[in-house]
Amino acid sequence: MGFTHFNDQGQAHMVDVTAKQDTYREAIATGFISMSEECYNLAKVGTNKKGDVLGVARIAGIMAMKRTAELIPLCHNIPISKSEIKFRFDDENKQIQVLGIVRTYDKTGVEMEAMTGVQVALLTIYDMCKAVDKFMEIHGVCLMKKSGGKSGLINNPRFGEITDDYENDGFL
Amino acid sequence: MGFTHFNDQGQAHMVDVTAKQDTYREAIATGFISMSEECYNLAKVGTNKKGDVLGVARIAGIMAMKRTAELIPLCHNIPISKSEIKFRFDDENKQIQVLGIVRTYDKTGVEMEAMTGVQVALLTIYDMCKAVDKFMEIHGVCLMKKSGGKSGLINNPRFGEITDDYENDGFL
Amino acid sequence: MGFTHFNDQGQAHMVDVTAKQDTYREAIATGFISMSEECYNLAKVGTNKKGDVLGVARIAGIMAMKRTAELIPLCHNIPISKSEIKFRFDDENKQIQVLGIVRTYDKTGVEMEAMTGVQVALLTIYDMCKAVDKFMEIHGVCLMKKSGGKSGLINNPRFGEITDDYENDGFL
Amino acid sequence: MGFTHFNDQGQAHMVDVTAKQDTYREAIATGFISMSEECYNLAKVGTNKKGDVLGVARIAGIMAMKRTAELIPLCHNIPISKSEIKFRFDDENKQIQVLGIVRTYDKTGVEMEAMTGVQVALLTIYDMCKAVDKFMEIHGVCLMKKSGGKSGLINNPRFGEITDDYENDGFL
Amino acid sequence: MGFTHFNDQGQAHMVDVTAKQDTYREAIATGFISMSEECYNLAKVGTNKKGDVLGVARIAGIMAMKRTAELIPLCHNIPISKSEIKFRFDDENKQIQVLGIVRTYDKTGVEMEAMTGVQVALLTIYDMCKAVDKFMEIHGVCLMKKSGGKSGLINNPRFGEITDDYENDGFL
Amino acid sequence: MGFTHFNDQGQAHMVDVTAKQDTYREAIATGFISMSEECYNLAKVGTNKKGDVLGVARIAGIMAMKRTAELIPLCHNIPISKSEIKFRFDDENKQIQVLGIVRTYDKTGVEMEAMTGVQVALLTIYDMCKAVDKFMEIHGVCLMKKSGGKSGLINNPRFGEITDDYENDGFL
């Protein structure tokens, strides 16, 4: 199997999905940003009290999901029927985990929307914290799970079975 | 020092830079995407012959740099005077490294523009390769170097001294 | 009943409409801008002869309706199947009334599109007239009527029964 | 004096400011949204505890300020050097007041940016509260104060003298 | 028959397509840019070896197709299910021909998307070549063929029968 | 001389203008759309009476000028200090001529802004007239004149000397 975003002549194109069926589709992506202890503590305190870093990053991530097709050249522009960004503080590793959840009922999947939402949420945390730590690192950005369409349910083997019980897992 | 993106009441705002001087400013950010061997080889061959993954990702990254302030809520909208995206194939680790370089002559820095360009270039590689490898991972996204403004030249200690001799370092 | 844009944990999200049926939906919103007599007369004369304030505001309002989901963080991005902006001069009160009419055949309503179109049309009138009157006031912006979806036809009691006979009512 | 957005032939154009000097400029706009008592109480409680309506509206308003020139046809696209959105609960009238504050160092004023930020913040509150009250009303949207440029300091006589002591005035 | 983009009062509006059926629709548009011999040769060599003018223009054209409704005031915003930009070098006339191909399954046609993609691809070639030839000319931009919807298949008589065998016709 | 939009390795980049001086710059571009006699007459009558095709196209062209850097990948994002779109009816050839005039005081020229404004104005005329003539043709799109910057005043030799007396030349 090869890259579908190039035609037989090797030229980039937006894949033809005209004849595909609309189906329910979901994608969940994740990613992390690790930072110095001082910066991590400030971000955590602010989220609980004032200076709500995660509140801003959440909105930025949700808004970016809707603009994915403007950023990613060969991505289809489709209506999104649900968007969610969740966060988890990981005290041990001084890092914040982001989860991006997107659903649609359309002809093509929403992995790119989930991935883009996670990336922009991470960038927004970076922007708001960079006065305190200039060398934060974003890492572990990948797809966790997707469902719907021809390929059906796919779980990223790295994460074991993925439940929807985000709250019990400590996500806000 | 605290987070500058919140005022004394803990409310998010766009920092006032009205009274700051225009100075020459540069920022360089980097990041990586690692993938399966099969996928890596296809991406590398395509770049040399046909199916030019990196050519598309380069344009996406440069265009995203110009739209940073639309994505990152508290980022200033400023004219950019130079944008560049560079890539390096890392055969040993089956990963592609991205470099984002931005310059301006303005009142505020361009780290966020460099970081956003890197992230969107990485997402575009992901989009174009995901038919072959569904679980690629984006990692190591961080600032390498910034100069200009009050804080002057700052190098990320992780990278040692950073020269501008990208070509000798194997970047395209 | 509570705010649907927050989940059980009180975090903002874009409501899940994946499982909702497509239905015909319409929303009509309105709003007013009042100004000094001198300014009002110039706007009215210009619309009839030259310096067409309303022609520009009409286009701005229609274009803004299509970009509602970029502006309103938790609003779904959906295709719009009809957009219209109408105006009425109210000589007695030296004010211009704007009407925004939007239709779609989709899973969720278009109140926000109608409201956003009205607001941007009002802002555009403001922009074009502000050289003459610096303290115009925008007021009375609200939903007049919506239909379609689970809640069916709803009329704003403030306006009595709303007919579609806009021309007889003096709207252009 | 006439409308500057039309040339001698009565055709719309973007006014030529090429030869104008850069100066420090500020604009402050305001606006109100009134709602049912039930809805008002929910919004107020949420802001203090969870379901942070104002946190979302603040980000939407700040982001919209940066996109003013995309929405308002004849408005110049200029860099903004400070953006702020503030809110005040008015228990007596069951309404929320919004304040939009913008600064730049450029050739033309930022009234439209301040007005647009206020309008989009109000629309976002509307969007988040509309499940509880369908007939909220937006009103009293106008310029409070502007300074800089040829016309210097101008206060809207409706508001008396405007100090910058927003916190003492109860704004968040 | 008259212009459908104006209502009975002569006011611009976005035509109501709410009640129309979704059908498969395709549109193909074309256009040309002619340039000096020196410039043409540089563009052609670059495309084969390095300095890939057409690779950049292709991405710009595809991305612009998705943003047509933001640029063309009365154009509907619809999901696109396939986008393609193709090029042909015409050595005899020192010109490059662009082809824009768009498909959707929706209530309204995609001529404007195909036309906009062609225009932006041509503008991008212009931008990249203008250092060498300041007076290139864009010409011959028109619809070649459309199908789907009430009017069915329509071929531009200027072009004779249009096959889909673009490769045999020398398009890349 | 070669293409400046590629670096020594043949890779696309946005040219570095950081060290260039701000100067006054102007660019004027033009273009034509020719149509059937029936369509031409409807457009001309509408402009004078009702169904104002040119009024809509003028706004679309001016708004597009401000978004040039979003559409053209390697174009710098700069503030525009004056935008104008003008039209002339050419009865003999049943065509409409468009003129795009842009000014700035910045480090780089505004040809692309003028060209993009002309193209989007032409596309908008096309959109509004296409119900009457499906095979209109856009042609003769080129730069007429530019001034400012290192290269100073440049006139397109095709047009002879270009005065600014547009009204005497029949432009609206």
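A few notes on this one:
Lettered A, B, C, D, E and F in written order, each chain numbered from 1.
As a working rule, contacts are C-beta pairs under 8 Å (C-beta built on N, C-alpha and C of every residue); 3 or more make two chains touch, one makes a residue touch a chain.
Treat the numbers as computed from the prediction; the structure is a model and nothing was measured.
Contacts with subunit A and subunit C are shared by D, E. In a homomeric contact, the two copies may use the same or different surfaces; for subunit C and subunit E, under half of the interface residue numbers are shared, pointing to different surfaces. The geometric centre of subunit B is 31 Å away from that of subunit E, both derived from CA atoms. Contact with two or more other chains is made by residues 9, 11-12, 52, 55-56, 59-60, 63, 67, 70, 73-74, 79 of subunit C.
Screening every pair of chains for touch gives A-B, A-C, A-D, A-E, B-D, B-E, B-F, C-D, C-E, C-F, D-F, E-F. Residues 7-9, 11-20, 69-70, 73-74, 76-79, 106-107 of subunit D are the ones that touch subunit F when the two sit in their complex.
On subunit F, the positions that touch subunit D within their shared complex are 24, 55, 58-59, 62-63, 66-67, 79-86, 103-105, 167, 172.
If you check the complex, the residues on subunit E that touch subunit B are 52, 55-56, 59-60, 63.
Those residues of subunit B lying in contact with subunit A across their complex are 1-6, 9-12, 31, 42-43, 46, 49-53, 55-56, 59-60, 63-64, 67, 70-75, 111-112, 115-116, 119-120, 122-124, 126-132, 134-143, 146, 154, 156-158.
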